[in-house]
Amino acid sequence: MIITLKKNAPAEEIRKLHDSFEEKGLQVSLIEGKDFNVFGLVGDTAHIYERDILANMWVENVQRVSAPYKLANRMFHPEDTVVDVAGVKVGGKEKIVVIGGPCSVEGREQICRIAQEVSECGADMLRGGAYKPRTSPYSFQGLGYEGIMDLCEARDRTGLPVVSELMSADKLDEFAANVDLIQIGARNMQNFDLLKAVGHVKKPVLLKRGMSATIEDWIMSAEYILSSGNPNVIFCERGIRTFETYTRNTMDLSVIPILKERTHLPVIIDPSHATGDWKLIEPISLAAIAAGADGLIIEVHDHPSSAWSDGAQSLKPENFQELIRRCRKVAAAIGRDM
Amino acid sequence: MIITLKKNAPAEEIRKLHDSFEEKGLQVSLIEGKDFNVFGLVGDTAHIYERDILANMWVENVQRVSAPYKLANRMFHPEDTVVDVAGVKVGGKEKIVVIGGPCSVEGREQICRIAQEVSECGADMLRGGAYKPRTSPYSFQGLGYEGIMDLCEARDRTGLPVVSELMSADKLDEFAANVDLIQIGARNMQNFDLLKAVGHVKKPVLLKRGMSATIEDWIMSAEYILSSGNPNVIFCERGIRTFETYTRNTMDLSVIPILKERTHLPVIIDPSHATGDWKLIEPISLAAIAAGADGLIIEVHDHPSSAWSDGAQSLKPENFQELIRRCRKVAAAIGRDM
Amino acid sequence: MIITLKKNAPAEEIRKLHDSFEEKGLQVSLIEGKDFNVFGLVGDTAHIYERDILANMWVENVQRVSAPYKLANRMFHPEDTVVDVAGVKVGGKEKIVVIGGPCSVEGREQICRIAQEVSECGADMLRGGAYKPRTSPYSFQGLGYEGIMDLCEARDRTGLPVVSELMSADKLDEFAANVDLIQIGARNMQNFDLLKAVGHVKKPVLLKRGMSATIEDWIMSAEYILSSGNPNVIFCERGIRTFETYTRNTMDLSVIPILKERTHLPVIIDPSHATGDWKLIEPISLAAIAAGADGLIIEVHDHPSSAWSDGAQSLKPENFQELIRRCRKVAAAIGRDM
Amino acid sequence: MIITLKKNAPAEEIRKLHDSFEEKGLQVSLIEGKDFNVFGLVGDTAHIYERDILANMWVENVQRVSAPYKLANRMFHPEDTVVDVAGVKVGGKEKIVVIGGPCSVEGREQICRIAQEVSECGADMLRGGAYKPRTSPYSFQGLGYEGIMDLCEARDRTGLPVVSELMSADKLDEFAANVDLIQIGARNMQNFDLLKAVGHVKKPVLLKRGMSATIEDWIMSAEYILSSGNPNVIFCERGIRTFETYTRNTMDLSVIPILKERTHLPVIIDPSHATGDWKLIEPISLAAIAAGADGLIIEVHDHPSSAWSDGAQSLKPENFQELIRRCRKVAAAIGRDM
């Protein structure tokens, strides 16, 4: 960590600050400049927060050199983490996975029928929301426990592991018992109590990026889960909020190589929420595969125009099948299985 | 609600869509244009979600005319809501309130001492975090229940109502019993389960704006609380994330007149989190008062450079006192008491 | 265009507004609702600006239905435009093009050497900046006319058409005479006088997206060039400004399918400026090809660490060659030549 | 400037980099850490660009300590600059100025009539656009030279200095001869050739902030003008682009104290463009005065609903007069004249 001191900082204040860092077990070096003095701190600075140091009125600027995350950091964990979701391996050199299914579970018959269809198209897991985060309290909020039971039935019939979003720690037991991959949604990426809660179970967690989160914020949220004891974290990019109005969000595919360089965790891509438009899903999916994604999560519905939520961004099964066919060609072109 | 249909939509599809709206109890008018056809829907459209209609492949565009919020809407509730926080009135033509105190409760002695100081400076309420949302799991997470008890002691000694942030519904009973104004932080603005939970008590809620939330998103979050049964909601603007790096966030003071035009709820301003820099707090506070804010919430610490969190944006008591003195002059200039 | 009138708009005002639209040659339909009245305007609304109508105090909201662009609109020009850059065809079903070269021309010897290298790697055109937009007046501003002459020499030796950025209309003659593809940089995307100027020549124009421009803003800038008489416009996405700090900008690949649906013009991708990091260029290039880009523009330098500008985002020739090799595989996988 | 080197940087490479900085006349200090090595550069680093150093593959991170601007920097120019606009002083402890007038000059009669009205209301200068930057080529583009002549006539009749936007360097002589304060619009904030051009005259320049510019970008644009020889620069904040849709832009009032701390130049505020809504202009103007603005620039039109541009954000003269009356009270409350 590099700390720039104001030009006119008194020697006495510099000494006090110096000592306070040494008391925290850090080695401190001083560069004396014409306009500024600079401290270099060497040691474990992950527990120091830049803004706290800025509170000292003689400090001009604080710059972190080491990353603030440790367990997620590839520097200390060079090999890829492969997460096992009820037998489906995600990450590393494993086969690229495809997760398909409706935005919301709308009933047992619907989810079982779509599960069958996505399975036949080549999906590796089934998605379906039972507890839905909706902007309006007047929108459909999901079938709740009944929806989770419907997902279990669909899993029993098709063998596909199931993914669903957890919105509140008080449902964690229900999810740990029934869901194979627990999704933390974009709006809860910094719901730190929920992150700690899912860190206390071992079930794999699909951690979506917050709407305006930086990649570092996001890795720090993964660090919450890892440091609570659960190593099974998969990142999921779902687009960030930008000024653009022709898409619902803006897909940021640069996260794929960046997360793979800085962390050892798998990365999957959600083109449905990123674009909000079923016509854009295929080109963005092809791009994600080409950029090195470990998987895709895609909304599929057999009657999008009567879906209870997000029909505009849902693919019909036939288009989903065609998408997988084309993605496999791109995967082959970059030397990966899918 | 205005729905634009594609030029080439078949008559049969137009008819089906028309009927589907009528079944929902809406009146439907059709404008036939050269390039597009347009439906106008008249009736209660708050339970219809624009994106769901977009799922129909013949729909080009959906535009909401009425606001999607009802209980927060000034159109249906013209008089100002005044929220009573343990005797301190907020909103309407009431005296502008000032909430002061440290970012974090650091112990009984500290919070009682600062409570005494902010009280003497003229504050109306005391703030202090006991459960802290921190980006890093390695940062101080707050004193928890002990911190809440310390706040109660400070209230007993000074008479100031206390404000503290609730991060998880499982602490709601603790907060309902001990805290006078329950803060929902920016990161939880769309933690819908938490919003519903605080909607089930009657304690006043201070609802911070999410880091990249639009004003409409924010009003919809208030609508969650109101529609769950709690009418005592106060908005708190704390800055939004922008590209600017010289400030922590960017204060958006336009929310004051906008929220007052569109809703009937009080609005207070947090210049500490918006700027992240104690030197900027006074000019932004003066501006907020001039723009019509119903109150200020400001971080005050007697030793900012050794604060356990957010020292860089904390005022010393003497500066806080001076700020109040100057704000009162501006309040007088616009005809309000403070 | 759909105009929502306030509930309490007097009949007299509604009539006046109605007449004012009819005077502009538009047909006007009225829907009378419970809470609002709505006008639908049918006819050519491209010359009407939404905000001008909003100035009427009885207008609540204005929503454009038809796109505000005409010449760029695929609806009125269904076939792909193929732009011919000194014999290299860009767009449509043509071969995907690769433009390579240094950020800045640093001298005749340097640009000729790199031109030779990128040509041998398989590039179709040569890029090189002679007039450089730099944030600081103290940074290197480019070699100017001498740089343009050096580019011409490099073209003579290799046969590659040359691309360079025009910053000011007073150099247009120099560019029209010497440069094959005139680049308009991101910072000048809404320098409307410069857009009109390049619209008065026939030389192909590479129009970069502004740092925070929406896709519609960008298409409107193309419309300026087209409506001034120059049909040879190529869009170039170079990333948009977001909160992310790990990359210089955020690449938005959704522009590829969107621009191809809404306009008939070619789209090329600049992964160098979008990422700012040479290590990210290859995965993003592969992704761009998979998403359907018509070309790539990539910074190549034989000694990046001593480049006069943008070395951090420059590929070495050997990496550029490898990138092209891999991109060709992905192009083949989606059925395009490269 | 602080340069962090990668852990595994070879001694030979560190030495070469060290020497390259010394050759540029800088003193170099080295801190050796466990995970990283760090260089501290002391001397004039304004001509060094961070990204150029990042091109060295052994460099992990570059952090500027000194500001990259010199002539605008208050550190080297502690006293306030007061800009004299044809006798009206702006900045320092001078009277707060008000600039009023229509978005566009619509003809001699219109501008002279509005000039008379704003003068009677208490305005110090007249604004009016003759060359208009419009998103659409089909929108009204301004009266051009005729509009400038009309402004001159209005000045002759009222004595108010005139402000108008310059879009292209080829009109600079026309502006230098006729306009008292040359406005550089938001879209041209980084049109560096235009900045250099206005730097070569002595006429005062009103430099608007770019729509997504950081404050540092903006100061660097002022530095272009200053370093070309023109010391008469006034900053004008007009809001930045954010996700908010209820306002046209988001006003960032924190720029006032920040620019005053870091630079010595005056700052005025444009609430018309920031909000886009005439009803918001007064509260935001009051806030700007309270925060320490040196002036306001406000759109005034006697018939907003038939204005040729931006009527929605134009005040009627009676509202403008009332606004000035209220602003004067707030100015008095903070101890300034207006």
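In this document, chain identifiers A, B, C and D correspond to the written order of the chains, with residue numbering beginning at 1 in each.
Here, a contact is a pair of C-beta atoms (placed from the backbone, for glycine too) under 8 Å apart; a residue touches a chain by one contact, two chains touch by 3 or more.
It should be emphasised that the depicted structure is a prediction, and the values quoted were computed from it without experimental measurement.
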item: For subunit C and subunit D, chains touching each; value: A, B
item: Far-end chain from subunit A, centres as C-alpha averages; value: D
item: Whole-Å gap separating subunit A and subunit D, where each centre is the average of the chain's CA atoms; value: 39
item: Inter-centroid spacing, subunit D versus subunit B (mean Cα positions, whole Å); value: 31
item: Subunit A-subunit B separation of Cα centroids, rounded to whole Å; value: 26
item: Interface hub residues of subunit B, defined as touching at least two other chains; value: 212, 241, 243
item: Interfacial residue positions of subunit B with respect to subunit A in the complex; value: 46-47, 49, 51-52, 54-57, 68, 133-139, 167-170, 187-188, 190-194, 196, 211-212, 217, 220, 223-224, 227-228, 241, 248, 276, 304-314
item: In the complex, subunit B residues that touch subunit C; value: 2, 4, 27, 29, 31-36, 38, 40, 42-43, 60-61, 63, 65-66, 241, 243
item: Residues on subunit C engaged by subunit A in the complex (per definition of touch); value: 212, 214-216, 240, 242-247, 250-254, 256-258, 261, 274-275, 279-280, 283-284, 286-292, 326, 329-330, 332-334
